[in-house]
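Take a look at the structure set out below.
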């Protein structure tokens, strides 16, 4: 299963001539969602089943700036999964040169439709096992 | 009652060094919502009462580019209101020099919580009268 | 040569549960740039050669709302090209059902690095001919 | 000197009904820039003088979700300033209830127009002193 690859969009750049730092946080989301979908868990399907995975925290460290015309590659890894929490790490590199652009993390919990915390281990044990193994 | 005034944000610029054209569409929304709120109709309150005013169409003509550091002034006007539809026009100028940046329009209808078209004239006659007069 | 296809991103939705209307303007840009790149004209390469194609105007008509989980297909066509101007039209449909989401247009001119209007017919005749034929 | 106060915009919400987490990173930027401007350092003026303050890293911890219709208050503090680096912390609260929404940090360096690191202490000693005192 592969990394998430996407082109830089013009509207993602800022007047400094590089991608605005806030957009990497959005790319993390894109890559995280693609990562789960590849393993059989489409986020819109999870929501339909009453499971949401909101973001509790994010961090990013910017090493070099992606430019318009670049294609970026985003590697996603599960850092940790428990019955009630999930965390990911991200590595954004240039798809052609391999140069490191940004690293990051995101922390999440599992909630139901009423935003009440729930145990993914009970509610969807296969999800829990899938991502335990992928660690 | 006044125009809507706001600063250009850094993240709204693109690598051309000016505000990305898509952001004016967002500014129209900000200004339109402020315009209605000033007249007693806060959009979140309307939504709570089961009235939404989705966008059916937009247009913008770009005359000159707003830059980071600029403050823009947005004049909102009601073009037309009927029982079921509403349209606005916008004029974005530089707040210091008065230079014209962008003109635009947006077309809307009134729908209820189930996205079914509804008559604002029946559902909220004071809204209808307020904006008829303001025309 | 094909249409531009992309998934709806979570961060592109709004509290109405559908894609915020301003994002279609950004999708037009993505699709327009992909359209030109497919025909041999990558926009970053054009910029390096001193040609920019800024947006003079946009319009969009919203027919139905794209949702998170959807994949959209965007058909781009050249409406008109002259020595100094270029205009496109767009049709956004659901990639699975074909349902029409949005139609739109954008108008552009050609400028050099100093934002001075220039003739693409003189500066890059192959570009002009390519897009004349594609009309 | 005061906190930075702003309304939540409709286009900043997502289908979960709350502000998309990436937008807090943009709000940090807005608030940081307003903080510096209030103390006499407008960021566009700094850029004109050949000083840029790019973001090296950001973090955010989300405590509760801001909603459309809310007004948020953002308190900015300087965590640390050296000759070559600067870091801020942020606290976003609801302006009416005081409820904590998000905390965060950002790390920056000083660079010149060629993106080469520079000493703010040498290049603009008054800036350095101003923000040392404000710590």
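Side notes on the structure shown:
We call the chains A, B, C and D, going by the order they appear; numbering starts again at 1 in every chain.
The rule is simple: a residue touches a chain if its C-beta (ideal position, glycine included) is under 8 Å from a C-beta of that chain, and two chains touch if they have at least 3 such contacts.
These numbers come from a predicted model, not from an experiment.
Against reference pair A-B, the listed pairs A-C, C-D or A-D yield one interface repeat, C-D (criterion: more than half of contact pairs the same by residue number). On a Cα centroid basis, the chain most remote from subunit D in this structure is C. Centre-to-centre, using mean CA coordinates, subunit B is 28 Å away from subunit D.
Here the CA centre of subunit B is 24 Å from the CA centre of subunit C.
Each chain gets one centre point, the mean of its Cα atoms, and the points for subunit C and subunit D are 34 Å apart. Counting partners per residue, subunit D has 10-11, 22, 26, 29, 68 as the residues that reach two or more other chains. Within the complex, the subunit A residues that touch subunit C are 9-11, 26, 29-30, 33, 42-45, 67-69. The touching residues of subunit A, counted against subunit B in their complex, run 10-11, 13-15, 17-18, 20, 22, 68.
Those residues of subunit A whose C-beta lies close enough to touch subunit D in the complex are 16, 21-23, 25-26, 29, 52, 54-62, 65.
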